[in-house]
Amino acid sequence: MSHNTFGHLFRVTTWGESHGPAIGCVVDGCPPGIPLTEADLQPWLDRRKPGGSRFVTQRKESDTARILSGTYDDGAGPVTTGTPISILIENEDARSKDYGEIARAFRPGHADVTYQAKYGVRDPRGGGRSSARETAVRVAAGAIARKVLGETVRIRAGVVQLGPHRMAPETVDLDAVYDNPLFAASADVVPQWEAYLDEVRKAGSSIGAVVALEATGVPAGWGAPLYGKLDAELAAALMSINAVKGVEIGAGFAAAELSGEDNADEMRLGEDGQPVFLSNHAGGVLGGISTGQPVTARVAFKPTSSILTPRRTITRDGEETDLRTRGRHDPCVALRGVPVVEAMAACVLADAMLRHRAQVG
Amino acid sequence: MSHNTFGHLFRVTTWGESHGPAIGCVVDGCPPGIPLTEADLQPWLDRRKPGGSRFVTQRKESDTARILSGTYDDGAGPVTTGTPISILIENEDARSKDYGEIARAFRPGHADVTYQAKYGVRDPRGGGRSSARETAVRVAAGAIARKVLGETVRIRAGVVQLGPHRMAPETVDLDAVYDNPLFAASADVVPQWEAYLDEVRKAGSSIGAVVALEATGVPAGWGAPLYGKLDAELAAALMSINAVKGVEIGAGFAAAELSGEDNADEMRLGEDGQPVFLSNHAGGVLGGISTGQPVTARVAFKPTSSILTPRRTITRDGEETDLRTRGRHDPCVALRGVPVVEAMAACVLADAMLRHRAQVG
Amino acid sequence: MSHNTFGHLFRVTTWGESHGPAIGCVVDGCPPGIPLTEADLQPWLDRRKPGGSRFVTQRKESDTARILSGTYDDGAGPVTTGTPISILIENEDARSKDYGEIARAFRPGHADVTYQAKYGVRDPRGGGRSSARETAVRVAAGAIARKVLGETVRIRAGVVQLGPHRMAPETVDLDAVYDNPLFAASADVVPQWEAYLDEVRKAGSSIGAVVALEATGVPAGWGAPLYGKLDAELAAALMSINAVKGVEIGAGFAAAELSGEDNADEMRLGEDGQPVFLSNHAGGVLGGISTGQPVTARVAFKPTSSILTPRRTITRDGEETDLRTRGRHDPCVALRGVPVVEAMAACVLADAMLRHRAQVG
Amino acid sequence: MSHNTFGHLFRVTTWGESHGPAIGCVVDGCPPGIPLTEADLQPWLDRRKPGGSRFVTQRKESDTARILSGTYDDGAGPVTTGTPISILIENEDARSKDYGEIARAFRPGHADVTYQAKYGVRDPRGGGRSSARETAVRVAAGAIARKVLGETVRIRAGVVQLGPHRMAPETVDLDAVYDNPLFAASADVVPQWEAYLDEVRKAGSSIGAVVALEATGVPAGWGAPLYGKLDAELAAALMSINAVKGVEIGAGFAAAELSGEDNADEMRLGEDGQPVFLSNHAGGVLGGISTGQPVTARVAFKPTSSILTPRRTITRDGEETDLRTRGRHDPCVALRGVPVVEAMAACVLADAMLRHRAQVG
């Protein structure tokens, strides 16, 4: 993780601002010979793209990804060549007029004030580089990572808590996520949550949420001590997503209340001679290395900072003011964060796979 | 973060096993001209070292750090020279006899099973590389990082929740931490917590805990979008500590329940023309860049996995067995984790300081 | 240096194939507030672009660079914002028909055989990723690096040896380079060299050359022991240019014949209290750190591998054949290598400047 | 390559000064299960260690390497565990009294003046960090790299030019190198060279040399475009060795005089279906990727800067003086550079092997 690049061997470098001509990424280190076309990216991008329901921003973006390099069609369809894959997504609906006022005033909860403090200059249009728009290219990179991982590894995420509304753990069904506009991990909660989020939306307010992540099919052995721990890499990748304020692996904060007896994931012998764990408080990671169990995490998103209620703030010229953030926004940024969480996990796992193969063969 | 190295410019590489001849680290990229002797490291190491109370492992280690390179005394006392600082701590009390059984059986909750799966070989003596003993050198590196940061930046941590016992937020006093054997962030809870932890200890059991972290004096502007975010780097560094299962920045998971209005850290103008934030849900970081407010985080530790109650497990030879982990252990590994949390934060901040200076001057 | 990224803090990631839709790069870590438009890049690109004389390939490319991110115009003209700068150059004249045969046969001296061996697949059109076309984006990145370095640091290169024709050292004038179509570092040799290279060109042959590099205005102190040595970084950057087979710093291979007495760059005291060196065998670098003298290097380019005389080779299907490389080529690839050598040096120096500032302030 | 660490996956971090208590390194990323004891390191260290003949420094060092971590003996002898291998070599004969004067005056040709300029402080004892003594740990790391590479890859180097005395290319025999005290790649030249170097030595002078390197058994496919080119990595690694001023791959600077016809390494089909190259001007690398031919390079060493003839210089206090460098020195530093060249090549190749395995499997 280094400024705008993440990953060690499966490396993703992203660029672009919300209201510039385009955003994009370069995926380096991808193994060769993997079938890959733009059609492989689009379904994942479509899940994240704006305008899909009344619960997400009404910005109009087709989020069409173009692959500009790194694949070649030798007759049997395009495959990766092992060289860098450049992906470009044009910004189609960049209404800069919406953002005139915030060039001057710092929106509370946004990065306006810190970008200004750090760089002495910032692109205020739509939040510039700090806009969640950048996450589109993460999703594109994640789609490539999934192809590297193959079909055995399955990565799913979904909203399990919307503001004060928590889902009963036993009802969580990550296959339900993309069948409802709330990306909720259970069909049961949808009516209640829709009503709740409609209220939030109509009030011009916003709310936070928690997203659960699960990766199954990860073999034992990925990750590495001590600073390349799979859970540490995952934590960094997830925390780098806009609006994320917390990451748990396995039992997470609940583990703080457990005794050693209860937290121990006991083992029996499976028919294949591999360990069978009787529980998964570890979230599939021990000592930073995967156990073969599902890798599980939970991610806390703060509420969207852009709201219609005026908030007290200051301007870059040193004046106090009240600011009401107009423009098009998501009432709950975590919703469209779900495919981003999946994508970041896919990238981290693809990287871990390659690193493991490097050291252990 | 790459296997056994962390940091970009202030880089720490650690090595060593629990029961090998020594553990150590190499700190590279340290600015020159900083006064540094072994006496600067020892107070911090003493806070983490075993044997200090009945609540921590009874292993006898003086944890005496030797500086083998990177400083020179030109008459006015040793200062850093800008070259790598090698630190070595001998293992004095490495009773391998305690660990015979676990060479064969995998201790539940430990990294035994994953190291074996990954590498096909492991050093079972005291957990080898995965032992919390390694954290001693992190503390030494953190002591150097503190000197790089200078006295303006103050980094403190303390236990704010011990198992089910939570401290009232308004009583938290991080200056109280090293005055009690529980590293508790409040003197008030100590009697009750001591009684509780004594029970846990006598039962041969263990318990998890939550550690709060606060760094004050961090100027606005440290950190960097998008994958070098200060909170992402912090999350990785903290998650890399043994037994950590969750990291929150600022309001953390509680932010998931907040509305945009409540979560907004409104701003007024300070006398010095700098922003004054009216709250700190952000934990001192917006868009991955420090705001100038205190950087705050919370870290969840799982209970020590080594307990006296037998747990079901398997052996590397493919047999099922029950294992009772003898040896010397901490009933709550989070306690000695407190100086480690501080050290990791210090290293991340020193690195962020140098990276900021590089780009912005 | 890691696959398709180079630099530590001033980091350049490049992508693109010779005959794909475009090539490009992402420049990360650039300091903010530097005035930058596409007009700043174009003059440098124009120096390298094809079609400028009969001595370079007749491919028609305008090499127009677009800046897609990382700058913002706040009224006083676009400046860098500290976020990644994405540069895109479209491939306009990609005649794939020229390259049908080489999809099958491996061109001797080219990377065809090794890309196939490594990846099992390659883009044969124009050499794909291994084409010298990629160097255009290095030049664009170098133009940004020059702006980071400012006007004090001046980086110039030129051809000092064309095949068997060596220039007398005392006639070298790096200001003459861009005034002649041979990029020769002396106007005196041009008539003779033109006649010589015309012969080479008409024979469908090619020839190697040596390029000299000089960077003046580099202050003492840049670079770092031991594996971040300025000369080691420079050597890697220059050796990464297509067709480069050798790099010398200062006296280079001639130093192997010198005595310690002759090689010593003696010092006297300058009026400003700084050292004045009486010679510069070191090439401006001692112990990997700049001395304040001009940083000098020499770079050997092999002849263009594409020639009209048939050469014995094999095909990917395991047959022997003779191959004559048609298409448009440079009779001496070193000529257009001159701006690339300068660009790589600029990037290395900008990176060294930022790294120095990070550690020493 | 980053300050005191080199390598991407097979990573070596070194530390230590000439006259400190010890020098050492940490080798990270080593594959597990490789038999390794201190006896595997010592033969290589013995080749480099001082005191072996009158042609090398008379400093008395046993250069005994201790392995402090990263191996475990599970009954069948110590093997690598995949965790970092820490190696420590004590400095036994550190006579600081020899170096009193140079604490004040800058030795011409040495890094004294640049370390002082960069850091404002330096350890002058024996050159501190910039001493060639550091190369001992490179040799230890190289010994581990050789074990990673296995017996198929054979890496040899030797002196092929001593000052003005060049060896006839057809007489080069790299198996002869360690049978003569000059590390000469031919027994034939030894009498003449010994007489020559004796004169140099008795005059208190020094001389440069050229070392040739050859690695056989490197399979096709190692290395990577474009900034991870095998030859670029090799160039950086070799240029990072003390006193090296030039690196050539294959034909090197001679390629500048070759025509495309002569430089082309034509191919025929081998019995195994692999390409057979009819020459090796490329030095075993095309497009940054190994061809399967021997990887060849040549390295130019400058003369030892420490000589008995007084040279003009300045002091850190801003005075002009004449300095005669006493102490124990090598009349030709390239001699003991031979095992260092081999070691650096071994490390680069081991890293390339792991990186190739990561991406391509």
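What to note about this one:
Chains: A, B, C and D, in written order; residue numbering restarts at 1 for each.
Heads up, the rule we're going with is that a residue touches a chain if its C-beta (ideal position, glycine included) is under 8 Å from a C-beta of that chain, and two chains touch if they have at least 3 such contacts.
The chain list, named the UniProt way, goes like this: A, B, C, D = Chorismate synthase.
On a predicted model such as this, the values are computed, not experimentally measured, just so you know.
Two chain pairs, B-C and C-D, are compared here, and C-D has more C-beta pairs in contact (counted per touch definition above). Taking each chain's centre as the mean of its C-alpha atoms, the one that lies farthest from the centre of chain A is D.
Chain B and chain D have centres, each the mean of its CA atoms, that are 38 Å apart. Centres computed as Cα averages put chain B at a distance of 45 Å from chain C.
In this assembly, the C-alpha centroid of chain C lies 26 Å from the C-alpha centroid of chain D. The set of chain C residues that touch two or more partner chains comprises 2-5, 14, 29, 32, 82-83, 115, 118-120, 129, 225, 360. Residues 1-6, 8, 14, 106, 108-111, 113-115, 117-120, 129-130, 134, 161, 163-164, 200, 205-210, 220-229, 231-240, 242, 245-253, 255-261, 263-269, 273, 275, 278, 281-283, 285-292, 300-307, 309, 311-314, 318-320, 334, 356, 360 of chain C are the ones touching chain D in the complex.
In the complex of the two chains, the chain D residues touching chain A come out as 9, 29-32, 82-83, 225, 354-355, 357-361. Interface of chain C with chain A (complex): residues 2-5, 11, 13-17, 20-24, 26, 28-29, 32-33, 66, 68-70, 72, 74, 79, 81-86, 88, 103, 115, 118-123, 128-129.
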